[in-house]
């Protein structure tokens, strides 16, 4: 029989205001096995923990129940406290009477009744707890960064600088990401390429960093400290070792009709291409869909002109398998598709463009070589309208419910740059709110309005109508003056909402990292663990976690790196002892459990057993405790109940059910 | 003289996976999103830990409704647990329906750690459903009724 | 039958098998029992007729532990069970010499008794070789007759087909017996109101005496120790104090064999109280077929069982309420 | 002796039920078993053998013994009340009546099983002669007369009448209670009853198991039978289900279990079966580890141990339920015959 102590926390008034805590303690004494019960203001405080320790030692407690906040908050605290007092940490159970009780109920009697039941369930469970010992697992001292944008590059550099090997896997032919597509950056108006390129070079030159471009993560197995990852290196058709990056192949390539991804499809590129001049690696790839050689078998110009003999049409995808201790996701974002925003005439007029497209238009290496011109007729615009929140802060399911965060600032940047370079162009911005919470942000915005005379109108645009003369009629409303506005424009720029890179869903599934309804990766704690995924060993860098601008992304990238470094610095990890185990006398050896185990933790052995005097060799499931993560899928697949989960055993859960239904 | 009717207070067991739904319930709590106290949560590592026997056990011992919450399909912390749970529960619920147990007494809902609102809404609607169904008389051991 | 005996003798004689697992003639016209034969002389008692309904595949779990091979007589439907047992590593294929025996439908003595036929002295027409469509039954109260099909086990009316899915050799001819829809009765129940469903199962399960015949005969229930016999779940065993206990037992039993049950129908055949237990298993089979694609347990060796498999697009449990 | 027209039986049942509890064969979902009578119950006196024997009425499959209740830290024990209401079991057959004699020797000898004793005290058995014995019957082998059940009241169906003869005081009392529905009989009636009995006896002679010999089965042959290699052969088809024991009128083993119902725990007993692997399981394990041993136990008990302890009375009544219900077509007859044949060969 256990000797159980029950400790009821007031949590100041958080619990005590709605739950009669002394009543809970009093009722606890009625429960079988309970030898001690008390309540205290803050159980998690030093003094509270000391009370627990004292009771464990004085009353010889074999298990404790703390009725307090969620176990996700303080289970670890109380386990450690118990351990210091000489009790096995797994003899601690938490009854969550705050988040699941006091905070959501108002009626004291009702809340107290519920708290008593939650306490009973925890007591019933701890009655069946057994001391568990955590095992150890090794840490592979190498990190994987998925995504080679500024977030991934920064994370990789920081980890590498700490002395650990890092691999970057980038889907496109070059690292650089979205930032490489930007012209200038707010609020300083630095040239984006000028500050990014040195980072790219540094990463590629770093002895601890290996970059896999044109590659994708294919499969992930294992767990924190010991992931095994398959990386698919897509066939580049160019030998990376031989290519000198001279660029002749691109020049001579007869197929030049493929839309340029880098320029957002605003112009075309050759079939053999590097996405942009500063690409790293500076090795082209052949787009096999566009290549004449691959489509028809004839051509082969690039091969002929390549003096290095680097062109290899036979190249095949290659799978590399590598082990990692930590994985950082830095998959970034894209702009949303605008097919559900027909009112802005994006698909009808070439002169309606997204802000990211405008970045390319304004960039010297872009489709217009940096000249601001209408894409329809090449004429210089005189009237430009910016529309904010296209798809952001959207109430219906056409767009996104969240604020994309960066649009207000880059629109101010665009407006300012245009007014600066082309003072004769009128710029009007339609906005819902202008949001500028950041260092020097509001000053920046005010400069756009006050110094550059950008016309900001609070109101939404209902429709953009392309007129026969090539002009665009913008129908909007001015909410401050409460009037309808009809405005003729030469160009309309849409501040299109951003969304996580669509590939992130696939990657999250492989990593078993959770994802929210908007496809942003979920952090382990919104405030306290913002760069960690709830899945151990997975860290989040950049916009994959939520909308961010460059400085925030870089800051988070560094934070993710620190968390990864903290993990890689360990030689061993304590494993979760709440793993499955099989009762060899009950096991049928039927393989049901093996078939549902996501970790390959179950194998079978022919084992000699002594079943109440019957000695025979039986096929029996054996769980590898280092691999088992304790999900429990096997315990339900097992018909005989041979498989059980430590810490969440069948009898423990049933005891909780019984206590609740009593 | 009309018989005084005892107020029906249902017993509702909610199995919540540790990674998503339990955290979703925590978020509902910290956001002060209320739902009836009739719901009592049991924390399990994953929805795939929920054995149909637990659900029948709850009914046996007097539960009026049992709900299981897990991570959204595709988001399972253990990658595949909720897929198995989904099949198991679909079949179990179908069987309960087949033997004449009201299908509203059982429910599965996927609630992420970020969906405190959904957790609260789900519990409110489930409890409402159980109130409308009344006491569970078709499953349950009579010895537990008194 | 003689062909089978001759073959058995040959295999025993040439040492291919150490024993034969078949049926031994009973002391009544309808009660042959499963039996092992180790010698040619013993085979004199061998019988194979319409009353050999027992599915011998489960006996192979024990026979797999014996020295040498066992020639086991399996009817077409029994071979599914055997295949499933191989898949679950419960029998050793190498220890079995499978004689796929022909089948023209097996008889159910309870069906014959239900016709009021009692005091049976002899039955003609139950031999496998008989082409007779009619059973002639001599009783101490006079001669009775019955169409063969009317005396058949329920499962034979919805026969999966007369192909052996696994065998070493096939002996004897079969005859198609399927004349009803496999899911007809399940569909009928599904169409009832919840009250009617409940009262139907309440009255059927109310007869259950928790004797465990269904479980112990079931080739899918091959657990060394059933959860209902162990303390792992604190689940009730034997007792039927409250009607809930039977429901719990039969639902969980059906759930544990869901996706593994081949629908061999042994549970219903052996139930002393005549409970149509196959209706539980068949409901799961129907649901699996409809929701996850057609699946026949025991039809092959390498398919993934429906409950250890999934797709992203699987139906949500809420489909149960929606189907109405 | 009295008589009642068969068509008046429902009136009789109604009348009995006014003062007695009444159990009789009732058909539910196609199967006939002893159950409490009610106005809408489908009474079935045509089925010769109920699936389960009538022992349920005196020794229910499950019964609560006491309940422990807990309030706060206080515990209280509430014993289950003993049967106090008089009841009638109508329609038992001679074999089941013999079954009660077997149970009596177990439960009514010291230490007396008070639950069983209370039921026996308050129960009145109205037995029916077996109108049409079946091929699975072999009660005569055990000296049971299917035509003359030894009960409180014996009934003989003949033609449209049911003849009623009280054999004990309890039977007299019941007769008194229902006299309003009974008619006096005359000599002609006596003739028809005798004719019915003769007919039954004639049919019994035709049954296939009539020549079954119990020679060699007694308490003196314990080790000879126990050590016989035949058991190794006989048990093999056994599935270890408990069907034979649960339908048997004499199997009397039970298990005692606890049921936790929230704030109380009830201790109850339920039939157990020697066929089960956890039968007589103790802390150290089980004293019968193989199915062969369990199988042997059942027949040794029926045919050797029980008679050795009970003046030669076998604890089989020849009802034949195990013959009908065994999923593997095993039964006590096959066991007896196997030993008989072996004896012959020797």
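All chains are identified by letter, namely A, B, C and D, in their written order; residue positions are counted from 1 within each chain.
The rule is simple: a contact is a pair of C-beta atoms (placed from the backbone, for glycine too) under 8 Å apart; a residue touches a chain by one contact, two chains touch by 3 or more.
Small disclaimer: the values here were computed from a predicted structure and weren't measured.
Engineer: Hey, which chain ends up farthest from chain B, C-alpha centres compared?
Structural biologist: If we average the C-alpha coordinates per chain, D ends up farthest from chain B.
Engineer: Most central chain by CA mean?
Structural biologist: B
Engineer: Measuring from the mean C-alpha position of chain C to the mean C-alpha position of chain D, what distance in angstrom results?
Structural biologist: Centres of chain C and chain D (C-alpha means) sit 30 Å apart.
Engineer: Indicate the whole-number Å distance between the mean C-alpha point of chain B and the mean C-alpha point of chain C.
Structural biologist: Distance between chain centres: 36 Å.
Engineer: Find the geometric centre of each of chain A and chain C from their Cα atoms only, then give the gap between the two centres in Å, rounded to an integer.
Structural biologist: From the centre of chain A to the centre of chain C is 52 Å.
Engineer: Can you list every residue of chain D that touches 2 or more other chains, as numbers and ranges?
Structural biologist: Where chain D meets two or more other chains at a single residue, that happens at 259, 262.
Engineer: Would you mind listing the residues of chain A that make contact with two or more other chains?
Structural biologist: 596, 637, 650, 654, 658, 661-662 - these are the residues of chain A that touch more than one other chain.
Engineer: Spell out, as numbers or ranges, the residues of chain B touching 2 or more other chains.
Structural biologist: Each of 51-53, 57, 61-62, 74, 80, 84, 88, 141, 143-144 in chain B touches at least two other chains.
Engineer: Does the chain-touch network form a line, ring, star, complete graph or other?
Structural biologist: complete
Engineer: For the complex, which residues does chain A have touching chain D?
Structural biologist: Listed in rising order, the residues are 29-30, 612-614, 658, 661-662.
Engineer: Applying the document's contact rule, which stretches of chain C touch chain B when the two form their complex?
Structural biologist: Listed in rising order, the residues are 186, 189-190, 192, 194-202, 227, 233, 235, 241-242, 244-245, 247-248, 251-252, 254-255, 258, 280, 283-284, 287-288, 291-292, 306-312, 314-321.
Engineer: How about chain D: which of its residues touch chain B in the complex?
Structural biologist: Residues of chain D touching chain B: 259, 261-262, 266.
Engineer: For the complex, which residues does chain C have touching chain D?
Structural biologist: Interface residues on the chain C side: 26-28, 31-36, 54, 59, 109, 114, 118-121, 139-141, 203-204, 206-207, 209-213, 215-217, 225, 229, 236-241, 266, 269-270, 272-275.
Engineer: Which residues, counting only chain B, touch chain A once they are in their complex?
Structural biologist: For chain B paired with chain A, touching residues are 11, 13, 18-20, 22-23, 25-26, 28-30, 32-35, 37, 40-46, 48-54, 57-58, 61-63, 71-72, 74-81, 84, 88, 112-115, 120, 144.
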